[in-house]
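Shared between the two complexes below is chain A, which pairs with chain B and chain C, respectively.
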Partner chain A sequence: MNSNIVIGIIAVILCALPFIGVETYSLHLIIVILIWAFAYTGWSIMGRFGLVSLGHGAFMSIGGYVTALLWNNIGLSPWIGIPVSLLVSGLLAIVIGYPCFRYKIVGHYFALVTLALSEVVRQVIIATRDTTGGSLGYTPERHGEGISIVALQFSNDRIYFYYVALFVWMAGIMIWRYVDQSMSRYALEAISEDEDASAAVGVQVTREKLKVTVLSAVMTTFAGAMYCQYQMFISPDTIGGVGVSLQIVFAVVVGGIYNALGPTVGAVITIMLAEVLRISIGTASVCVSKDVCFNAAGVPLLIYGILLIVFIIFLPKGIVGGVADWWKSRSADPPDAAGSTQLEPAKAKTG
Partner chain B sequence: MLAVQGLTKKFGGFTAVDNVDFSVEKGEIVGLIGPNGSGKSTIFNMLSGNLPPNAGSIKLQGREIAGLAPNVICGIGVGRTFQIPRPFKRLSILENAALAGFYGHGGSGISKSQAWRNAEEALSLVGLPTDAKASVDTLGAAGLKKLELAKALATKPNLLLADESLGGLDHSEMDQAAEMLGSIRNELGITIIWVEHIMGVLMKVVDRVMVLDHGEKISEGKPHEVAADKKVIEVYLGTDAEETAAAAVRA
Partner chain C sequence: MAEFSEALFSIFFIETLINGLLLGGVLALLSLGLNLIFGVVDVVWICYAEIIMLGMYTIFFLYKAGVPLPLAILGGIAVTTILGYLTHKLVISRVLDAAPINQLLATGGLLFFFQGLAMVVFGIEFRNLGVSLGSLAVSSDIYLSSTRLLSFAVSGVVVICLYFFLSRSYLGAAIRAISQDREIMTLMGVDTKRLYLLTSAIGGALAGLAAALLALQYDIHPFIGLSFGPITFVICVMGGLGNMVGGFLAAFVFAELITLGGYFADLEWGYVMAFVFFVVTMFIRPEGLFARKS
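Right, the complex of A and B next:
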């Protein structure tokens, strides 16, 4: 109940955002955050059940590249191209997932298989550079000037895309909550603990895992397609490869893997942080003394890495999970006099 | 109800179960006993689908189930417990049972609320709390055994496979558990195969006993007949043999 109200308030604020004088750059950042937040939410739908995929960069790049290649080469509108890309990645998820789940490749081994998937897809894009532009990246062709509904191109008018991204992000949160409240969630929690015992009470282990994997892959693919349509430029390293796959995992870990809004908070923090570091440090040199200077290009990554380690050690449930726990323990630990009244919110929270 | 013929399981060169035949009638409680390594758990795991047999057939109400997947066998109506309880600790007690109540019917349209009703029924049957939040961590050894049983019952089985339900329990808990299996059969009409290492209490409740040794069935019959069987006494030397005889006398 509580979280519904919070989400409602956030939704109203977000809808009104373009009209309360948010400047273009901020709006751009928010759109990027929403797109990535949707991808992260998609990842956490399976990640929270111990299905740690390091292959979601592959699905993301399929979304971008399949959509853009179909548009540029055979003029297929993204209205069809995006569903095709979703289908392709859904099938890929089955091809990779089925043997893994059937033969009980779990935990670290599953992570390694998916890690390979990231790299394979990235290498395929680079190897077919005549078609995909390789590591130099790829640009969907402009469909005339201004806004094109057919090509899902919104020119530089960010308001339209903002609402698209907002809608998609909200749909992502709703999907997350839908899964969270379904029986599949219990099955997947059980599977993550003990596959044999789950099968013994009738759970179709392989099927349940495949279902959630395909859902997660398709969501991430959709994020990739959105990213492509928004940025109008994709490259194997910006929406694919191991880098992006790890970025997804780290952001979700930072935000909180067990909460609907955790991945979004992760997206806000990691993207803002990356942006602040990029602007404040950029490619400047840091001089220790008059003669000893370093190129600081790697510093943002270094800070990023240190923060992640700190988070994993001290806030394993992420920011949202950590705050929720702290709130619960604070409310459940009443100062002597106001004991009973203090307990109420704690109960409402858990219910 | 259940007809097993020529059931054989080999692990490499070792024959764990060798050409075993038996049948179970509807509404019976059959005890399957034998010393460690006699093959009773292997038979149990073949019945539940956790191990595929090398040869032989297992027919449940005329349908061949040998080699089917565990979840399929569960869906057909065979519930099982695990010797060492395997609760889902990330779920509450009620959620554990509700999971079984929802998925244990071969995926046929069970509503969520029906699953929860099945779970509550099963939990109250074994005497566990049905409030939604009660954590698995609050259960002791006896409680965990009960939860195992509740999970199996929530799947609404026709045949219940109970694996060493008494291990790790004290005497009064053992008696309780045995009574519970008896009342599950009497009140719900569920057929039960009860695999047990400890013979004493089992003998009081079961209709029929099969004794395994080295993968072969060495004896079968009413509890007092089996307890008097020389071969069985040979296998269960010492205190176990006395216990068996004493139990038979009491029965």
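Right, the complex of A and C next:
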């Protein structure tokens, strides 16, 4: 009961946010956080079961590029373009996922196969530079002035997009909770503990893994399409490639992989951190003497890296997971021993 | 079709094939250290390419400060050796008991850290060593880059040295044994910690060597690791992680695919072909293309 009231209050605050004097810049930041939080939530839906994908940059760029290419070249509205992109990446997830799960490619190997996938998509985008603009990026054409529902373009009025992003993010949390409460969760947890044993007791390993992979891929693709519609600019390095794939994993690990709000907290922390550092330190060179200059633009990456290592070593369940554990051990005595502390209990099969 | 067969038998095609072979040498050297570390410590260093990048910077700045090139290269190797040692000492040793994926992510953190460090300290400009070894005319039509020939030779020599080190020396035997059975080695009184550190340092030294060969051929910038890092991992996996001979052969398969793709279309399509080939191979032989049946 208590938690429902808290959720209700938070929901009301979130809905009222644009009307209580939030300036445009903050609103922009919140929208960006919501979009990425949705992508991170999508990743964690499969990541929490030990299916660590480094290929979600590929799905994200498919969402952006397919939608924008259809709009620019044949004038297909994103209302159709986005479903098409979801279909494309769902199919891609099956094409990559089915053999992976069928032949028991897990752990390291799964991570590296999906890493290859994000490189393939990035290289294809760069190779087809005549259509996609290559590494220089791509811009969906403006439909004209003002707001257009058909083109899903809301010009510079951020309030509309804020509500779209808020709605999508909430839907993402609901999907996470739905999976969390479904039978699939138990099946997938069993699979991540011991694949052969769970197959022996009747869990359909390949099917369960495939279901969650497709769901996760489709959600990330949708985030990519949203990013494209909001920023009106995409490039292989801002929504794809190994960099973005690692960034997704990083944020989720920092936030907490086993909690519904973990990925969102991760998004808030990483994006705010980058913004604060960018504004306080700036991107210019800082010179300590005439000859010794430092480029401050690298500082966020530096701190990201240290944080990620510290989290993996000391707080593998992330901030939300850590706080939840601490809360549990405080209120319940003796402490609850349930919940695994490892991301991937299954060892990689090598032959 | 006539065009195609013409392209197939032209002198340029043969040159492409040879260039692929030479590129294979570089890629083989790149994957060697990573493979050694994986075979012994059982951790994939996602940040391996970034250690190479820092080695390239070291060589660049030493050379620009007036240090002769061979000494600068030695300096670079020294730095990467220390980096390899520290990577294990400060990070990996603390996650040895964690899940494999946590280990992978910890080195992912190092990747960001090294990139950020390079940006802060060295800036984002592209830097070029400005040393050219020129090219070698094999016949009147075929020219080969001397740097690539050199890297091919160097990686060949290194592979042979490593082979003898592993098969003949006492330490090499210990390293091979530990990759076969981790638990029993501790019971036999082997100091696994020391072996892990030693292997990481050797892996770092190999990264320094690769850095020297790459610095001669490519511009240096903080994100150069991303351009050859994924290829390196993929080569190691394709050869069977930890299997050095397999990785060596896989490097050549990969290099030929990339250069042939570049010959018939764009270089990017070469990469696409190589990566697709990798994914397909993983499905046919998940344990790696050249893995021995166990």
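Going forward, the second predicted complex is superposed on the first by the 320 of 351 C-alpha atoms of A that agree within 3 Å, B and C clash if a C-alpha of one lies under 4 Å from a C-alpha of the other, contacts with A are read in each partner's own complex, and residues count from 1 in each chain.
To be clear about the criterion, a residue touches a chain if its C-beta (ideal position, glycine included) is under 8 Å from a C-beta of that chain, and two chains touch if they have at least 3 such contacts.
Source: prediction; values computed, not measured.
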| item | value |
| --- | --- |
| Chain A as common anchor, with chain B and chain C clashing or fitting | fit |
| Partner chain in contact with A:253 - chain B first, chain C second, else both or neither | second |
| Partner chain(s) touched by A:280 [first = chain B, second = chain C, both, neither] | neither |
| Contacts of A:329 with chain B and chain C, given as first, second, both or neither | neither |
| Touching partner for A:189 - first (chain B), second (chain C), both, neither | first |
| Contact breadth on chain A, by residue count: chain C or chain B | C |
| Which superposed partner A:112 touches (first chain B, second chain C, both, neither) | second |
| Chain B versus chain C as contact partner of A:199, first or second or both or neither | first |
| Chain B versus chain C - smallest C-alpha distance in the overlay, whole Å | 12 |
| Overlapping contact positions on chain A, where the chain C interface meets the chain B interface | 350 |
| Chain A contact footprint on chain B (complex, rising order) | 48-50, 69-71, 74-75, 80, 82, 86, 88-91, 95-96, 98-100, 102-107, 112, 115, 133, 151-152, 154-155 |
| Chain C contact footprint on chain A (complex, rising order) | 50, 52, 96, 99-100, 103-105, 107-109, 111-113, 115-117, 119-120, 123-124, 126-127, 241-243, 246, 249-250, 253, 285, 293-309, 311-313, 316, 342-345, 347-351 |
| Interfacial residue positions of chain A with respect to chain B in the complex | 183, 186-187, 189-190, 192-194, 196-205, 350 |
| Complex contacts: residues of chain C adjacent to chain A | 44, 46, 91, 94-95, 98-102, 104-106, 108-124, 222, 226, 229-230, 233-234, 237, 240-241, 265-266, 268-269, 271-272, 275-276, 278-279, 282-283, 286-287, 291, 293-294 |
